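Read from first to last, the chains carry the letters A, B, C and D; within each, the first residue is number 1.
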Amino acid sequence: MSFPLLTATAVLPAIGAIATAAVPAARRTAAKWLALTVSLATLALAVTVLVRFDPDGGRYQLTESHAWIKDFGVRYELGVDGIAVALIALTALLIPFIILAGWHDADPLETGSRRWRPTQGFFALILGVEAMVIISFEATDVFLFYIFFEAMLIPMYFLIGGFGDRAHEHGEEAASTQRSYAAVKFLLYNLVGGLIMLAAVIGLYVVAGNFSLQEIAQARANGSLHMATSTERWLFLGFFFAFAVKAPLWPLHTWLPNAMQESTAPVAVLITAVVDKVGTFAMLRFCLQLFPEASKWATPVILVLALISIVYGALLAVGQRDIKRLVAYASISHFGFIIMGIFAMTSQGQSGATLYMVNHGISTAAWMLLAGFLISRRGSRLIADYGGVQKVAPVLAGTFLIGTLATLSLPGLAPFVSEFLVLVGTFTRYPAIGVIGTFGIVLAALYALVLYQRTMTGPVKPEVSAMPDLRARELVVVAPLIVLLIFLGVYPKPVTDIVNPAVKSTLSDVHKKDPKPEVEAVAK
Amino acid sequence: MNPVNYLYLSALLFTIGATGVLIRRNAIVVFMCIELMLNACNLAFVTFSRMHGNLDGQVIAFFTMVVAAAEVVVGLAIIVSLFRSRHSASVDDASLMKL
Amino acid sequence: MSAAAVHSLWTTAATAAEPISKINAPKIEYGQLSPTLIVVGAAIVGVLIEAFVPRRSRYHAQVFVSAVALVAAFAAVVALAADGYGTTKAHIAAMGAIAVDGPSLFLQGTILLAGLVGLFTFAERRLDPAAHGNRVDSFAAQAASVPGSDSEKAAVKAGFTTTEVFPLLLFAVSGMLVFPSANDLLTLFVALEVFSLPLYLLCALARRKRLMSQEAAVKYFLLGAFASAFTLFGIALLYGYAGSVSYGTIARVVDGTVTNVDPALADTMGNDALLLVGGAMIVMGLLFKVGAVPFHMWTPDVYQGAPTPVTGFMAAATKVAAFGALLRLLYVVLPGLRWDWRPVMWAVAIVTMLGGAIVAITQTDIKRLLAYSSIAHAGFILAGVIATSKDGVSSVLFYLAAYSFVTIGAFAVVTLVRDAGGEATHLSKWAGLGRRSPLVAAVFAVFLLAFAGIPLTSGFAGKFAVFKAAAEGGAALLVVIGVISSAIAAFFYIRVIVLMFFSEPRPEGPTVAVPSPLTMTAIGLGVVVTLVLGIAPQYFLDLASQAGVFVR
Amino acid sequence: MENLIALLVAAPLLGAAVLLCGGRRLDAVGHWIGVLMSTLSFVFAVILFADLLGKNAEHRTLIQHLWTWIPVESFQADVTFRLDQLSMTFVLLITGVGSLIHLYSVGYMEHDERRRRFFGYLNLFLAAMLLLVLADNYLLLYVGWEGVGLASYLLIGFWQHKPSAATAAKKAFLVNRVGDMGLSIAIMLMFTTFGTFAFGPVFSHAGDASEGKLTAIALMLLLAACGKSAQVPLQSWLGDAMEGPTPVSALIHAATMVTAGVYLIVRSAVIFNGAPDAQTAVVVVGAVTLLFGAIVGCAKDDIKKALAGSTMSQIGYMVLAAGLGPIGYVFAIMHLVTHGFFKAGLFLGAGSVMHGMNDEVDMRKYGGLRKYMPITFITFGLGYLAIIGFPFLSGFFSKDKIIEAAFAKGGTEGWILGTCALVGAAVTAFYMTRVMLMTFFGEERWKNRPTRSPEAPSAEPAAEHRGEHAEPHPHESPKVMTIPMIVLAFGSVFAGGLFSINNSFLHWLEPVTGHSEGDSPVSAGAVTGATMVCLVIGVGIAYAMYGRRPVPSVAPRGSLLTRAARRDLLQDDFNHVVLVRGGEHLTRSLVYVDHTLVDGVVNGTAASVGGLSGRMRRLQNGFARSYAVSMFGGAAIIVAATLLMRAV
C-alpha cells in the first residue's frame, strides 16, 4: 500500500503535541517554536493532500482501511471528499496563525511548582485539537468519527478553562471561576450531545451491523439495508442533536458566547473557526448520507431553526457590551447561514455552505484575532472602554475594518460569495426563507459597524491614547488572512471546483435535484 | 403432622429475626436476630429435606451452622472493638459517616 | 463434600441394593481447581507465618508469599485457559460443585490480577510518615487496642504492623475465586461467606480515622450478614422447590425437562411462589454485593471508612466476583424465568444508574464520590446482564476487567494525596492539585475520564460494549437512560477535574506523597490498562467473547 | 480595444491600493497619484468613446470577459465588462467629473494630514462606480453597488473623530444595505426565473417570463434604487451624508453615486417595460421624492443640506422620467448628466464659499459674498441658472423634456405627474434663488462676529489651522479649486444644448434604452411656457422673501411646515422612534430572553438535578438500621414484583 498520507496528516500534530508537552519547563520559547514548526509541517502535508486530491476522481480518495475493533464492527477507515479536503486545508492553515497569535497568551503569571508548565500545555493542547479535528474530517467510519468528535472536547475543555485573557475587570479569582464555568458549560453541552449521539450510534449498529459510511450509504442506496421510517428518524435526531450542539444551532447555542468570551482570542478562534466546523461538516456528511429520508423529513424545522439562529444571533450581537460575546453571537448567526445552506438541499446551497465554512473560518479568525490584539492592549473586553483607536493605531483599525467588512460579507471579500450562494440556494427552493435570510445581511451590517464605530471612531479615549499599533508578529498573523479573504472573494473558483463534485454526490444521496428556472434563458 | 407447618414456622422465625434487625439498637441483639434468621433457614432446609426425602437439606444445615459460627467470631470481634472504643454497642451511635 | 455426593449416597441407601459400607469417594479434579487451592494454601501458610516467623521479617515473608501465590494462581488460570478449559473442555468439576468454563476462568484471572494489584497497595509503606523510625503501611498498628489508648501508642511506638491483612486478603481472594464458578447454591453461599468475612475484618483495620473504620466494619458486617441471611433463605426456598441445590438440576426443574419426577418434587414444582421468592431473595443477596439500588446504602459509608487500599480492592474484586455469580445464576439457573426477572432487573438497573449518578453530584468526599460512581457503574453493568445474550456475557466480562483496574488505580491515587490527618479525602483539599503536581492530577484525570466513559479510554469501550449488547437485546430504553445517567455522571467527574486544574491551590493544601514502586506499579498498570483497552480493545474483546459461554 | 475597459477600473483601483497600503512615505505625493490615476482612467474613457463613435450604432457594444467568478452548477457568475452607449455615458461623467473633483480636492484638503487616505478612498470610489456601470451581470453590478456604498461610508465618515460623522456614515451604509437587500433578492428572483442574471440572456428572455415575476423583480430593483438614490422612503441618509468633506458631497452625493439608482432602472428597462405596475410605483416614488426634496431644500439654512435636498428632488425627476418607460429613459439619463455638471459645480462652489468662510455652513451667516469671491459667484450663479432651468442652459433642456414626457404619459396619470413636475420646477426655482440670495447678496451678516460659537465643534480639522474663531476674511479659493469649478460651469451651461442639437443624445442612447414619443395632450410649447411661468413665480417669491427684506441671522421659528421641513419632514424622528428605539428594546429584551429563558432552561435542569441529589442524599442518614430497612423494603418490593409479574 502507498504512503498513508491522511494518517500522517493527523498523526504529525499528535506527535508534535506530545513532543511539545515534553519540553522542559524552562524552555518555553523552544516549545513555542516546536509547536509552530509542527503546525507548519502539518500545513505542508495538508497542501499535499490538496494537490493529490483529484476533484473529478472518485468520491472518497486517498482512502485507508484497516481492521480495528472487530466486535464493534469498527474499522480504521479514512478517506476525503472535496468538502473534507477543503476543511482540512482550512484547519491546517489556521493553526499556525492561532499559535502565532497566542504566542504570549500562556506565559505563566505565577510559578506553581517547577513541574507546572502552562506554556507547553497550551501549545500541546492546540496541536492535539488539530490532530483530532483533522482525523474526524477524514474518518469515513462513523464510530471512528464519533470517538474523535467526543475526544476533542477534552483538550478544548482545558484550553477554555485553563487559559484566559491576561487582564480582567473583576480580578484573576473571578476570572478563573468564570472561565471554569464556561469550560464546564462547553463540555457538558457537547458531552450531552455526544452521549445522545452515542445512543444513536449504537442504534445504527444494531440496524446496520457495521459503521462503514460507504457500505451503509450504498446499502441504503440499493435498498439492501432497509430502515423503518421511525427508526431512521430517531437515529437522525440523535446524530443531528450532537451536531446542532456543536455547530451551534439555536436554541442549543448558549455555551458558545461563554466559551468564546472567557477563552483567549486564539482559542476562541479555535472553537468557532475550527472545532465547530466539525458539527456542520458532520451534518453534511453523516446526517444526509446515512438518513436521507429523515433529513428531508426534518428539513422544514431545521430551516426555521437556522433562520432563527441567523436573525436571533445578529440581534443579540447588536445588544452585546462585550467584544468577544458580540463576535460569538455573530458566529451563531453565521452558523445559521451554513446550516440553512446545507438543508436547502440545492447545489448552490451546499456548495455555498461548504465555502461558508472555509470563509467564515478565515474571516472570523482575522476579526477575532484582531479583537484579541485590541483587548490585549487595553486589558478590557468592554466595548465602552474603547473609542478613537483609529486615530492612534491606524493599521490596527484598518485591518479590523476589513475584518468587519468581511463579517458583514461585503462583495469582493470571500464571505460574500458563500453567503450569496447560500441565500440563492435557499431561495430557489424556499423563497420565503431565502428572503427572510437576506434580512440577516442588514443586521450583520448593523452589529459589525456598531462595533467598529464604538471602538475605532469618535474622540480618542484617554486610556487608548498611548495604544501601540500592530506589531510585526501581529501583522504577520493578520496580513495573510486578509490577503486570502480578498483572493477568495475575487477568485473562489479553486475552492468551488473542489467542492462541487462532492456536493453533487451528496445531493444524489438524498435524491434531490436543483429546481428548474421558469425560463430556460441559458442554452444548456 | 404436615411438614408444611414447619415451613410456616421457619418463615415466622425469619420474619421475627428480620424485624428484630430493623428495630433493635444494640448491635449484639441485632446480630442475634440475624442468627435467628439463619436458624430459620436451617429449619426450612431440614423441612424441605424431609419433604423431598433427600439428605441435601440436612447437610446444608450443618454447613450453615459452621458458617454462622464463623460469622459469630468475626462479628463479635468487630462489635467488641467498636464497643471498647465507644463504650456503647448501639448501632445508632455509629453514624459518623452519612450523607 | 458436595450435596450431589450426599444425594447419591442417600438413594443407594434407599434402594438398599448395595451394602451401606460402600461409599465411593468423591472425585476432585485438583488440577482444574488449582488456582483456588494455591491461594487457599498460601493463605494458610500466611497464618502459619503469623504464628512462627519473627515480627520484623513477617512483612516481607507475607508479601512474598502472597505475591508468589497470586502470580502462581494466575499462571494456573492462564494454563487452564490455554488448555481449552475455557472453551472446548469446559465442564463441571468437583462432583458438580465447581464449574470450570470460560466465564469462571476469565473472572478468576481478573480477580487474581486485581488481588495482585491490591496486594501492592496493601504493601505500600512509604506514604505514612515513619512512626518512630519504623516504616508503616496504612493498617492499624494493633487492631485490638482501643483508638487513642496507651496500648495503641505503645503499639505504634513499637512499630507493630498488622501483617494479618495479607492472609486475610488471600482468603478473600480464594472465596472470590470460587464465588463466580460455584455450580451449586451451597458452594455459592459458602464462597460468599468466605470472601465476605475477611473483608469485614479488613474494613476495621485502618491506621488513621479508626473510629470511622470500625463503624464501617460494623455496618458492612451487620448489613452483609443480613443480606446473606436473605440469600440463605432464598437458597432454602429454591431447594424446597427443586429438591436440589445443584444449578443443573434446578434449571432442569425450572424448564420442566427433569426426569423421574417423584411425587414430592411434583408437589413442590407446582408451587411457583417457592421458585420466584427464592430466586428473588438469592438475586437480592447478590445485588447487595454489587451495590445496586436499593441495596447500595452500605457502599458509601464502607468505602469511606475502610482503609483506602481495602476500598480499592473491595470495589474492584467484589464487583467482579458478585457479577460473575449473578451472571451464572441468571443465565444457568433461571433462564427459564427470564420473563419474570427481566422486568425487575430493568427497574433495578434504571434506579441504580440514575440513583448513583444523581446522588454523586452533591458529594464532597472523594471516596464517597467514587463509591457512588461505583454504584452507577453497577447499573451500567446490569444493563449488560439484562441483555441475556452471549454478547451480554462477554460485554459484562470486558466491562468488569476494564473497570476493576481503573478503580484500584483511582483509589491508589487517593492514597497519595495526604495532609497531617492522613489522606486528604475532602474534595476542597484537592483544589489546584493540577498546579502542585500535574502528573498525579493528570493520572487521576485519566481515571475520571475513563469512569465518565470518554472515548479512547477503557471506560468508553466497556460502556459501548454493554450498551450495544443491551440494545441488541431490545433494551433501547435502558440504553437511553444509561446515556442520560452517564451524562449526569460526567458532571461530577468533571467537577473534580475542574477542582484539580482550574481552581487556585490552597496554601494549606495537601502534599502529594511520593510512593514506593509498589503503588506506582498499581497506578501505572491502571493507566496502561485504561489506555490499551480504550485504544486497542480488540484482543480483550476476543478473549471475553470466547469466554462468554457458560457450561451447564 | 475591449481590453482597455478593464484598465478603466484597474487604474483607480491600483491607485487606491497604493495609497492605502503605501503608508506615510507617500503623504507628500499621494494626492497627485490619486489625480493621475483618475485622469488616466478618464483618458482611457475618451479613447474608448472615440472608438465607439467610430462604430455604427448597433456595434457600439464592447464585451470583455475576464474570468469565471463563481461557478456552481447552473449558477455561473463571470467577471465580464460591458461597454455600451449607456455605460459609456456614465464612464465619461464619472471619470470626467471625478477627475475635476480630485483636482479640486488637492486644494480643498490641503491642510488635512490624512489627505493621502482621502485620495485613496476617492480612487476606491471611482473604481467601484466604474465597476457598477461596466458590469455585464447583476451580481458584478452588485459588487460595484456595495463598493460605492463602502466608499461613501468611508468618505462620509472621513472625519471619524466627529461622532456625528461616524454616525452619519453608519446610517448611510445601513440604509443602503436595506436597498442592497432589494437588489440581492432581485438577483435571486432572476436566477429562479431565468437561471441566470447576466444582462444578455435576461433581457433577451424577459418577454417569456410571467408578468408577476417581472413585477417582483422590478419592485426589488426599485427598492435598491431608492436606497442608493435617496428616494422616499429611503432618503433619510442623504442629508446627514453632508457630514463628509464637500468634494465628497459633490462627487458622490450629487454627481455620480446617488444617480446609480437611475442607472439601474434604465439598465433594466426591458424588465420594467414588462411590469407596468412596477413602473407606476417608480413614477410615484419619483414624484413624491421630487416634491419632498424640494420642500426640504426650501427650509434648510445649511447650504450643503439645502443642496442635498435639491439633489434629492432632481433625482426624483430622473426616477420619474425613468418610470415613464421608453418615453422617459433617455431624458432621465440626460438630466442625470446635466445635473451631474451643475450640481457638482454648485457643491464645489459651496465648498469654495465654506473654504473662504472658515467652514461656516449656515447661510444666515453669509451674505454679500459676490464681491469677495467673484469666480465662485459666477460659476455658482451659472450652476444656479442651469438648475432652475433658465432658458438654453443645460437644466432647461433636460428638465423641460422630462416634464413634457410626464404629460406625454397621458390620461389623468399624465396630468398629475406633469403638475407635480411643474410645481417641483417652481419650488426648485424658489429654494435655489433663496440660496443664491442668502449667500451672495444682501448685507454681510458675517461682519464683526466670530463665525462659530467656540463650543460648537469645527466642521473640518483643517479649520483649526486657519484660526477658527476669528472673524472670517472671505477670499477667493486657489486656482486648483477654481479651475474645476469653471470647467463644470461650462458643462452646466452648454451640455444641455449640445445634447439637444438634433437630438444627438437621444440617438446615441436609443439603441440601448429604446425610445418612443408619447401622445402628449399638451404641446411642447405649452409645457415650456408653463415651466417658464413656474420659474418666474418661484424666483419672484424667493426674491420677495429674501431679496427685498434683510435675512435674520438666526432662523425665525417659521411655520409648521417649515419646522417639519427643517427636520426632513420628521422622517428621522419616525426612524428614531420606530426603528432605533424599537430595535433597542427588541435587542435588550432578546438579550434578557437569551440569558434567562434559553440559558435558564438548561441551568434550571442542572439545578433541579442538583436539588434532587441533595434530597436523595438525606436518605443516607448514617444509621445502619435505616439501611437495613431500605434493603428489606427493596427485597419485599422485588419479591412482590416478581410474584405480580407471574400473576399478570
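What we mean here is this: a residue touches a chain if its C-beta (ideal position, glycine included) is under 8 Å from a C-beta of that chain, and two chains touch if they have at least 3 such contacts.
Here the structure is a predicted model, which means the values were calculated and not measured.
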item	value
Pair joined by more contacting C-beta pairs (C-D or B-C)	B-C
By mean Cα position, the chain sitting nearest the middle	A
Most remote chain, CA-based centroid, reference being subunit A	B
Geometric centre distance via CA averages, subunit D-subunit C, whole Å	81
Mean-CA-position distance for subunit C and subunit B (Å)	24
Distance between the centres, which are taken as Cα means, of subunit C and subunit A, whole angstrom	46
Whole-Å separation of chain centres (CA-atom averages), subunit A against subunit B	65
For subunit A, residues contacting two or more additional chains	188
Sites on subunit B at which at least two other chains make contact	18, 21, 30, 91, 94-98
Contacts with two or more other chains, residues of subunit C listed in rising order	218-219, 222, 226, 230, 300-301, 491
Interchain pairs in contact, sorted by label	A-C, A-D, B-C, B-D, C-D
Subunit D contact footprint on subunit C (complex, rising order)	218-219, 222-223, 226-227, 230, 272-273, 276-277, 279-281, 283-284, 288, 293-295, 297-298, 300-301, 339-341, 343-344, 347-348, 355, 358-363, 488, 491
Residues of subunit D defined as touching subunit C within the complex	606, 609-610, 612-614, 616-617, 619-620, 622, 624, 626-628, 630-631, 633-635, 637-639, 641-643, 645-646
Subunit C - residues contacting subunit A, complex	435-439, 449, 454-456, 460-461, 464-465, 467-468, 471-472, 476, 479-480, 483-484, 486-487, 490-491, 494-495, 498, 501-505, 536-538, 541-542, 545
Partner subunit D, residues of subunit B touching it in the complex	18, 21-23, 25, 30, 91-92, 94-99
Sites on subunit B touched by subunit C in the complex	7, 10, 14, 17-18, 21, 27, 30-31, 34, 37-38, 40-41, 44-45, 47-48, 51-57, 59-60, 63-64, 67, 70-71, 74-75, 77-79, 81-82, 84-86, 91, 94-98
